[in-house]
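Look for chain A in each of the two complexes below; its partner is chain B in the first and chain C in the second.
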Partner chain A sequence: MNRLISISTYILALLWALPFLGIVFMAFKDSSEQGYSLTFRNFIDAWNAAPFGQYYLNTIIIVIAILSVQLITITLAAYAFARMNFIAKGFTFMLILIQIMIPSDVLIYPNSNTIAQLGIYDTKLATTIPYFISAFGIFLLRQTFKGIPYELEEAAKMEGCSRLQIIRNVYIPLAKPTYLAFGLISVSTQWSNFLWPLIITDSDENRPLTVGLSMFAKASDSGAQWGIVCAGTLFIIFPLLLAFLLFQKQFVSSFMQSGIK
Partner chain B sequence: MRRSNVVRENLTAWIFLLPSLIFLVMFTLYPILSTFISSFYKSDLSTIEPIFIGFDNYAIMMKDEVFRKAFINNIWFTIGTVPTSVLLGLLLAILVNRTFVGKVMSRVFFFYPVVIPMVAVSFIWLFFYTPDYGMINSILKLIGFEELNLLGNSGTALLSIIIMVIWKEAGFFMIFYLAALQNIPKDLIEAARIDGASKWRQFRSVIFPLLMPTTLFSIIIATTNAFKTVDQLVVMTQGGPNNASNLLLYYIYENTFRFMDYGRAATVTVIVLMIMVSIAAIQFFAADKKIHYS
Partner chain C sequence: MKRIPILLSVIVLMFGILAGCSSSTSERSNEADSNSETIDLTWYYPVNVGGTITEVIDKYAKDFNHGGIKVNGKNVTVTPVYSGNYDETMTKVQTAIKNGKSPDLSVQLSVDLFQIKNSIIPLDDFIKNDYEAQEMVGDFFPGFMKNAQTDGKTWSIPFQRSTVILYYNKDMFKEAGLDPETPPTTWEEVIEYGKKLTKKGQWGIELPATISGYWIYQALYLQNSDSNMMSDDGKEVYLNTDEAKEALQYWVDLNNKHKIMPEGVLDWSTVPTDFIEGKTAMMLTTTGNLTNVKNNANFDFGVAFLPGNKRVATPTGGGNFYIFKDTSEERQQAAFEFIKWITEPTRAAEWSMNTGYIATRQSSYETEALKEYVGAFPQAKVAMEQIEFANKEISVYEQGKIQKIIHDALQAAINGADVNETLDKAQAEAEATLKAYQ
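Let's look at the complex of A and B:
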């Protein structure tokens, strides 16, 4: 019985792996030869056919910019919600909750209007600005901050630390695992983001990898090019898969926390 | 002295919240409001100044074939993806929640689609489905069957996309179930076993009820995903053929950026917003909040 379960698990796992193995197979296949011979040509051709270097750089800039701003906004807001008393606290928290309820993808129509009104269409600012706050991050960090003993804050206060110093010296160091979890989620979500940058960019200087790949694939829409498209797809996937294999445990636990996203 | 402290604390707190609130208002709260208002106006390329038309946009939309098609497709898409990927997630979790050779490897294989961007997943499966060169068709040809244009056929396009989404999402629910399974006290199962409950009975009467919060929660996430992700349509079918795979959010996208029918884009956005709020309300009332928010 146990053996039977193991065998069905293997079959399912193989089935799950198949799509990925398929494109790896295609990406390394020499299309000019009969049968199968290994080649790196598809990767070189893809890299030369579209500005993938530029797309990579754009994605990295976008991901880092969003994460940096998010870390500041969520830290300050999470601290206020965890440790301060102020007017309309509950109400403000409810407002933030709305962002968890309504994913920004649903708001592409009004948000693209806002971008047009701001006159920042086709800029990196436009691709990043809607993600500058993360209600999910505020939630997660507020939980962590609440679990930090209040005595630590009082001790720091006695020594004459200001609020910002307390946050920097007490809260941030103790919340490192939460920051790591949030960082992984933020980076992998933004690395994968597609619809918004597709709408809001119109030049190679601002297109991230996901949008760049779709433009490239549309331009090379024929069977002979499949190897190149597969190679291009691997360009996007590779850093994420590598990070996942290296930080498996961390990834899985971060994704679990992302449940409330 | 105390009074000034209170004022100071309020001031500091609001300064801390200000950056978050500015972006929240700009890209979540104001857009919701403005969309609501726009949905009562006629606004497209032929209308220079938006004209107030009350509920006309809604009335027009109810009669609009494409909207109805996208709406019904979205319901089918939800029915097709939600229970299947959640149940499959449970099944996978049970399969890998044992000690066996290749445990870690199997978990990695089931989970990696979650990590890959939807766009990349779409290209991978496009390669699978495409006629002539695609993997499925190559296999079909090899064993002497006729070719199938899975994405180009209105009977199979949506189904093909549903299968792909299930493949991508099941691993996500697997990890939630895996954690939940590991949290079930061993003595509960032991007690059921001693009482003579069969494996199936143990699962049905002890394990499954204890997994209920995870199930509810997974259903909520899967349902939200079914309404907010359309990357795959941009890459694979553009909603076609003949709107057979069109979904609501893609319809918003088309109306905004291709047909420039802003009144309609706003109206459909309002509908999707209402769906999102309903899902959140269900979560609020049905799900055990303690488990995930505490």
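Let's look at the complex of A and C:
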């Protein structure tokens, strides 16, 4: 029985890995040769198609900025919804939940209008600001905070902790797995965000990797150039892949604990 | 309470970094230039033929910026901004205009005209007073001006233009005992040749039915009918005529009846890949693919006029330059000067060689460079010669929705729905969509 389970695990793992293996296979394939011959030409061509060095830096800045601000905002909001009492609490929370259901593409025009009024069109701030608060993160963290015994907060209060100190010393350490899980989701979402940055920015100084990738991935008139597209995809997801491989254990255990699948 | 200052300082720092990164680039706006010495134009351009094209565009911009072209004594420069594919460019342009951040000019589909007509300016005034401009307009292939003109005005200038052409694999023709120099010229011949070319692992022909599939269908429609599938004013479409139904039936039969095309809906971007990999002996697709096929196919291939039925015909396609309304007259004039510069015969020729699109100017084909190129690669001439038989591409109000209706009908029929019913339904839907404009 155990053997059966482990065999089927391997099969499933292989199925999941197939698309990725396909990308690796195509990325190194020399498309002008019959059969398979190894080449790095695809990578060179893809890298030269856009200022990817600059884009890399931008993506990293954008992802880190969004995550840092999100961690602060969702912590405070989640605590308020989990432990504090205020007028229209239920209603406000509902509003935030509804926001999870609105696809962000629908908000492109109203958001861009706000950006224009703020006078920050074509800046990194414009790319990041709509994501500073995450409804999903608030929801997730609130559930975790609710599961933490209230006695711990009371004990901390007895010791003379202020509210922020309670959050810092009681809630945040206990919710670590949830933070890790949310961080992973936030980073991978922002890493692959495309349409909003494309529309709101004009200059290379502010554009992320995905905009560079789309230059050949979406060039429909020239047919699918699998080699270059796969090579580009590979070097764009590489940091995420590396991070996942390095922190695999922590990620898996955090997902188990926070109950996300 | 010690934590609050730390929290606050982190937030402040964050904003500081972001603002610092961005302040240098946010200056480039439309308002600031009335007193300054240069006019810096913003040009939105889509990429539809592969990544390295941005290099060519950047080089154009650099050359132009050093070219010293002046309007009202001010130097004109241009900043090209990549704006995704054609759809995304439309979204970006519309968003920017609504927010008062209008670009000065853009390249968008020639058929997008009715969708952005309220945001652009007609170019007749510029052309009227300018001998060079008149010469330019007269030199474009007349087929390419058809989609640019309506209401007796000219709204856009051709840039990267195409037609549908037939690509065929000469090696496979030889193998099947067909003459590689005589591709099929009629629908019957396509079927006859296709049957000889189809064998295990190899199909006779492929017609894509996604992305620009409506355009391929329009080619069949035009070949089977004396009139086009829409009215010139963009307010009516004729999707369920007998000719339309026959054309769709022919497409469907290529698979169902004659078994020379793969089953199901074929994807726009994988059809050329199939052709290059030798999975199909013929394909119908855009001339924009020519350079791709040339660079990647390791067999001898030919291109030819589309096989006709009642007549030989193709729609034109591709992108034109538009100039936007919400900028100063001076900027509009500057944008027009740039368009004149970039569509000069030598540059149109260069653009054609780099992309596979047809050079838009007739005199481009008399430049040394293009003559030499066509001499060594005669396939490049076919699409140009076919312009003689080119018709207006479908261009209507609610372009996106109408295209979707056509695609839905096309794909439903390919997947087995009844051709008559499908097209009747499509016509009813299209009429309902266009009702507001009657």
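Things worth noting here:
Operating definition for what follows: the second predicted complex is superposed on the first by the 182 of 261 C-alpha atoms of A that agree within 3 Å, B and C clash if a C-alpha of one lies under 4 Å from a C-alpha of the other, contacts with A are read in each partner's own complex, and residues count from 1 in each chain.
In this text, a residue touches a chain if its C-beta (ideal position, glycine included) is under 8 Å from a C-beta of that chain, and two chains touch if they have at least 3 such contacts.
Computed from a predicted structure; not experimentally measured.
More residues of chain A lie in touch with B than with the remaining chain of the pair chain B and chain C. Using the contact criterion defined above for the overlaid structures, shared-chain residue A:V170 touches neither chain B nor chain C, since it reaches no partner. When the two complexes are overlaid on their common chain A, residue A:F216 makes contact with chain C while staying clear of chain B. Touch criterion met: A:T9 reaches chain B, while chain C stays clear of it.
Looking at the shared chain after the overlay, A:S192 reaches chain B, while chain C stays out of its contact range.
In the superposition on chain A, A:L184 makes contact with neither chain B nor chain C. Legend: residue contacts after superposition of the two complexes on their common chain; A:L245 is shown touching chain B, with no touch to chain C.
When the shared chain is aligned, chain B comes close enough to touch A:N85, but chain C does not. In the overlay built on the shared chain, the residue A:Y121 is in contact with chain C alone; chain B does not reach it.
When both complexes are overlaid on chain A, the residue A:Y109 reaches chain B and chain C alike. Residues 72, 108-109, 112-113, 195, 198-199, 214, 223, 226 of chain A touch chain B in one complex and chain C in the other. Residues 31-34, 45-46, 48-50, 61, 65, 68-69, 72, 108-109, 112-113, 115-116, 119-126, 128, 162, 164-165, 168, 195, 198-199, 202-203, 205-206, 211, 214-216, 218-226, 228 of chain A are the ones that touch chain C when the two sit in their complex.
Looking at the complex, you find that chain C touches chain A at residues 1, 3-4, 7, 10-11, 14-15, 17-19, 21-26, 28, 42, 47-55, 79, 81-85, 88, 91-92, 95-96, 98-101, 162, 211-212, 268-273, 276, 285-286, 288-289, 291-293, 295-296, 298, 356. The touching residues of chain B, when paired with chain A in their complex, are 9-10, 12-14, 16-17, 19-21, 23-24, 26-32, 34-35, 38, 92, 95-96, 98, 100-102, 105-106, 108-120, 123-125, 127-128, 130, 132-133, 135, 167, 171-172, 175-176, 179, 217, 221, 224, 227-231, 234-235, 249, 252-253, 255-257, 262, 265-266, 269, 272-273, 276-277, 280, 292-294. Within the complex formed with chain B, the chain A residues making contact are 2, 5-6, 8-10, 12-14, 16-17, 19-20, 22-23, 26, 72-74, 76-77, 79-80, 84-87, 89, 92, 95-96, 98-99, 101-114, 129-130, 132-133, 135, 138-139, 143, 163, 188, 191-195, 198-199, 210, 213-214, 217, 223, 226, 229-230, 232-233, 236-237, 240-241, 244-245, 248, 251-252, 255-256, 259-260.
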